[in-house]
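Take a look at the structures listed below.
In the two assemblies presented below, chain A is common to both, partnered first by chain B and then by chain C.
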Partner chain A sequence: MGAGVKKGNAFTNNPIVKTVGTQKIVVIGVIIFLAIFFSWMSPAFRQYSTVVSIFDFSYYVSLMAIGVTFPLITGGVDLSIGTGMVAAGLFAGNLVNQQNLPVGLALLVCILFGVALGCLNAFSVAKLNLPPFIATLSSMMIARGLGSILVGGMSVTWPAGATEQGWFRSIFRLDANGTLIPVGFILILALVIVMSVFLNHSRPGRYIISVGSNKEAARLSGIHVAKWHALAYIISGFFTGLAGVAYAATFQGIVPGTGAGLELDAIAGVIIGGTSMKGGYGTIGGTLLGVFVMSLLKTGLPFIGLQANWQQIITGIVLIIAVFIDVTRNAKK
Partner chain B sequence: MGEVILTMEGIDKSFPGVRALDQVSLEVRKGEVHALMGENGAGKSTLMKVLTGIYTKDAGKITYENKEVVFASPKAAQEAGVMIVHQELNMLNHLTVAQNIYIGREKMSGKLIHDKAMNKAAAALFQRLNIEIDPTETMGNLTVGKQQMCEIAKAISHDSKVIVFDEPTAALTESEIKELFKIIRDLRAKDIGIVYISHRMDEIKEITDRVTVLRDGAYVGTIDTEEATKEDIIQMMVGRVIYEEPKSKSNVAKDAPVVLEVKNLNAGRMVQNVSFRLHKGEILGFSGLMGAGRTETARVIFGADKMDSGEVFVNGQKVVIRSPQDAVRNGIGYLSEDRKRYGIVVAKTVAENTTMASLENFMAGLFINKKKEAQVAEEYVEKLKTKTPGVEQFVVNLSGGNQQKVVVAKWLVRNCDILIFDEPTRGIDVGAKSEIYHLMNELVKQGKSIIMISSEMSEVLRMSDRIVIMCEGRKTGEMDISEATQENIMHAATRRE
Partner chain C sequence: MKKKLVVALLSLTLVGTLLMGCGGNGGDTTTDDTTTETADNGGDDGAADADTNDAPAGGGENIQIVSKGFQHQFWQAVLQGAEEAAEELGVTINFVGPNSESDIADQVQMFQNAINQHPAAIGLAALDTEALLDGIAQAQAEGIPIIGFDSGVPDAPAGSILANASTDNYAAGQLAANEGWNAGIRDRVVNANGSVRIGVLSQDATSESIINRGLGFIDQIATLVEAEGLTVSITGNTRYVNDSAVEETGEGGDVIIEVLVPSQVTNELSAIDMQTLLNKEDTIVIYGSNQHSGEAMVTGNATIQRLGVGADDVLGIAFDSGATIKQAIRDQLFMGAVTQAPVAMGQAVVQLAVAAARGETVSDVDTGAQWYTADTIDNPEIYQNLYD
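Up next is the complex of A and B:
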């Protein structure tokens, strides 16, 4: 194809569509469609409290999803983020309850727990060269078991919002005289921008993309492949820890042994947002949009009378469509 | 030619079971183009990988700028000024052209990558080299030839003192080759030492100053290009190995029946309106540059990829081929260019591989009749003169040439009369190559018909009765062997729309 040859059609060549990306435009369209559809079907959906609960569900999934975007861009995956998030929340919350650790420090511990888990994954994948699926499936199990053992198998309740130690809950949901403001969204948005710039305009970000695009080519270009491959998993771990903070702030109690399956909500969001399962391509903005599709479905479907099992089916179908788009896009290249 | 900038002396390198390099030497001077020649598997690429730190040598000494050096990694070599333009393209397809060129040494503004500055620098570089490529284009969207030019531009953009070109022209068109030679002459004038690996004898005569020849991993000699004739170099390359006699005219009778006819075949971008006929007992060579669409055409005929439109006739009957099963049922067998991936199961025995495509004929009820399987396998081992200790030997232990024979046996057991050989001698040593040629000639004598896809000009000229040439998915030429020359094949292979 010569340099002067026009590709695509009128839609894909539109300058706005080109900058934002076709898949993201489609996902935004889906979000708008879902919001209108649910509002039209159910008056209850139109309430402010529903909006707040959509956001509530989105925080911890968004954080996991931002993190796991990086392993996915390298062509791998991180399955340990769900149980890792719960284990981090359990462990740190237990320290508050049992050791009277100040909540501020506990949140730090929660994040560090995630980073440690990320380091374990990074070691298995980048140093031992284990397949990411197996490596993180193993650490997913380890995290689930470890979380339960560390807290003696009991549920952990972080301090309630009204108590002195409960200030951290307003990081995500500010109670302004009875009106709940989803401030967490601003936080997430800021993180999306920071990580977007990191991915697209910093050296580590570019090298992570390179690892996913063509590992051997990256190596021959003198890039320390193992280092950047490892970093992708450590970033994922860091965001797992952050997700633990959001999870603790959103829910009353954390139950040991849970968390498995939550990683799939996040990964589904990333894929819907246009990140390629084959690696080499992905955007953080797309990830956030993808998570919102998941979040809307999860919150909206009960309003039109479709309960959990139906949600699973519809989410599955949405995921098949998203992966199909990814596969056809790759086939064209 | 100036003073010596690089010497490699007594280089040894072994891989498990293979002595890839045995006491090899090479000397490069400033401002010279030094050809490194040898058959496939002679050790040229291995030697260059040892030089640039991709492999570690077992023994020997590398002296660069009068100091003994060991480059620990490609990056270390690059930083010292030794750069390689690889034969296999090492591109990051998801990044832009400029991002590829400056990978690992991005231009920064503070902590962030300055993409605009990189685009500008790349544009200036391209202009200097007279290459027309948009630096902001995504690498994956470029043709193979354009990607190669980017790789070359990347090498030049490093302040290299020694540049290794590993078969740079394999994917280039004639005009691109002219541009490349201009660039190389320019580099030579700037006192850069250039190692030039190529199989094309004409290029060697045109562009290089000296030639070093390797054979089977050993150093044969170095001569001045001016003083050497083509025959001298070939003699050095092949040694005493004698190939099948080259063909000067077709061995196929004029009235031989057409066993396979393909009409107006279309499949995606790589197969556009391809038509040809294959006669009984004929070797039909398919020539062209990398990415010409030959393998794609074969895969469509074999049913491995989807056909958009077109007709296929076997023995005059129109057939519909939607899958490899359909093709095999119609007597078409395909020998992939990548044997290990598509051709054989290396962890199985010779016998198991031989019967794999026709297992239903070897069943006794629910079980495989091992005795019959072994019998038939032995029969073909004998027929094809496969060198194996026995049919229970695992295929992984056989040499490349003998693996190829097992694949041939598989299709013969299946009664395939039309065999598509895709790069039949790639990665096979010189001796085995000659055996494969012999085998193919035997097969056509027995009335089989062969389509041979080959990127080696000498192989096409040596084996084919007729030649079809493709370029960018189209058939751009067809000629009888009696009228085929390297020149008119190359001409057709670079004929673009």
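Up next is the complex of A and C:
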């Protein structure tokens, strides 16, 4: 793969490479390598159920990651997505269990909760000019505490798949006469396409990129920086709410006080996918690929006998390599 | 214009968040009201009983019970048991608890109030022993006996707590092993071609209660396997491997016990642990030692679908309850589960308190645990101990 990149013009001028992007080609290569490696090492890995499991556990991270790509592109960060996702899932799930709210409405509440959190971040960052790290660290704590208070400290279980209210679980995994179809992946792909078009081909998207690449230049060229800066955090909040839906659909009990740390999985995925920590550059497609590297490692490593702690070490190493590629690229520029 | 719109939007969402907060608080208050009411009723019932109970059965003692709160339905069941025992013994109880398990100061206040009423005895489930030390000393000085319950009063001064009514977690783990063994594990072990694997999913390797539930299960399974003339080995988490009674480590036994503990307590990592066990062909049983692990078993099985009670299925055993686990038992996804006995715990704390108040010698009571399956889940003596 390294050699492939170094082929220089012949490689980078290839029309496919040009459209897809160098880093993404590398990441796709890594994904293929990992898939082949795990399949070769473990016969149990070569099962359809493994694919469905990898998809299943990737949805909530993918959604958080798509959202947090936007603040990262502006050169900021959103640390509140993990606890925010859990708080949204707790609050909306509690309404279903305690107030008999129909699940459809609860999903909407879950998303709106995320948007509200995004608005709070947008206000702190774009209006109060707080550093994004501090602003979203604060809202991360607020979301964690608020989630517990809103449900009285008790864990919340959304309706089970077999029950009448449990239909929402098939949004992501459809059971067609015993065959499991990971329909969530199609949804995620659709969102990736929509958000890619939004980022690269719509005016707001271009403005968000310009905030990240050179805030001052953007301001001088008449762009309302605060507005588009705020929008990035609201988008992140919206996807936090969507992630809450995916989290509730995938898992059983949602426990108050949890969620801290999950945002780092998503952010790591975004960085591996080629979004620059410095801002001004990033792609949604890359983010999805980055998340898949993480998911493959998480699910695959236990198959070759490497337990939980090893998985974190290896993910850390992959992250260092990804950031190193980013740094080298910036140096070349 | 657009700026105003954004500001308006932001304000709206902030107000929305506040409203959500209020809504939630509203819910909270209702819960509090109900619990307070129930608690009051408990007191009233007891009082009424004491009044009508002129018969020599009861001395009409006043027993104060300070719990950890009413958040969990578990505590409603403890209250129920306490009321039953109070009625039986002809005593008055006043059952109180803070709003949440983090309201330590509230519990200190409640404990102080309890002492000030000069009761015949006090039942106490401490949130923070340190914070209660003054009160404990005062109660001792006034000769008010204290009985611990649930997790008791850990590290209390020697002699200050006369007895405890709590779950023996090691015995509860053994119960899961014995019942599971008779209900199908034995057949799979004895009739196996080659070695078989028994998985243990643990949320952590730090909490005493969870470790004991794990070790009780592991040690008992090992005893049962060895009684059949087969060998056992243990692999996985170091703490469990070292503390269990199983001598041989690694994969060499006829029965291999594998204990998995996630590096962090997240739904995803525990579910992946579950899948790791399910993906091993020789796995015949998986035991999850608390509600979190039981739920991870359901999540992990959703894509692999090997759990069940059929001849070729992997048997699942859970601990405690909750909506998901109860459903899994009913659907026969799990062969069975062990529940603690909060009702018996409530009864025991009152019985111990009354005995202590009457000057009898008291000693610790294991309030027990029960095995339940799809067939027995609706039996009243089981169902009263299950919660959502």
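Criterion: the second predicted complex is superposed on the first by the 324 of 333 C-alpha atoms of A that agree within 3 Å, B and C clash if a C-alpha of one lies under 4 Å from a C-alpha of the other, contacts with A are read in each partner's own complex, and residues count from 1 in each chain.
The working rule: a residue touches a chain if its C-beta (ideal position, glycine included) is under 8 Å from a C-beta of that chain, and two chains touch if they have at least 3 such contacts.
Predicted model only: the values in this text are computed from it and were never measured.
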- Using the superposition on chain A, decide if chain B and chain C clash or fit. fit
- Message: Quick one: is A:280 in contact with chain B, with chain C, with both, or with neither? Answer first, second, both or neither.
- Response: first
- Query: Who contacts more of chain A, chain B or chain C?
  - Reply: C
- Message: For A:230, using the defined touch cut-off, is the partner it touches chain B, chain C, both, or neither? Pick first, second, both or neither.
- Response: second
- Message: With both complexes overlaid on chain A, does A:128 touch chain B (first), chain C (second), both or neither?
- Response: neither
- Does chain B (first) or chain C (second) touch A:218, or do both, or does neither? first
- Item | Contacts of A:173 with chain B and chain C, given as first, second, both or neither | second
- Message: Tell me the contact category for A:209 with respect to chain B and chain C: first, second, both or neither.
- Response: first
- Message: Can you work out, in whole Å, how close the C-alpha atoms of chain B and chain C get once everything is superposed?
- Response: 14
- Query: Shared contact residues on chain A for chain B and chain C?
  - Reply: none
- Message: Applying the document's contact rule, which stretches of chain B touch chain A when the two form their complex?
- Response: 54, 73-75, 78-79, 86, 90-95, 99, 103-104, 106, 108, 111-113, 115, 132-134, 137, 140-143
- Once bound in the complex, which stretches of chain A touch chain C? 44, 47, 49-50, 52-53, 56-57, 91, 94, 97-99, 112-113, 115-116, 119-120, 122-123, 127, 146, 149-155, 157, 160-162, 173, 180, 224, 227, 230, 247, 250-255, 258, 261-262, 298-299, 302-303, 307-309, 311-312
- Would you tell me which residues of chain A are touching chain B in their complex? 1, 3, 7, 197, 201-203, 206, 209-210, 212-214, 216-223, 280-281, 333
- Spell out the residues on chain C that touch chain A in their complex, using ranges where they run on. 2-3, 6, 9-10, 13-14, 16-17, 20-21, 24-25, 27-28, 31, 71-72, 100-102, 260-269, 271-273, 275-276, 279-281, 291-292, 295-296, 298-299, 302-305, 322-324, 327, 331, 388
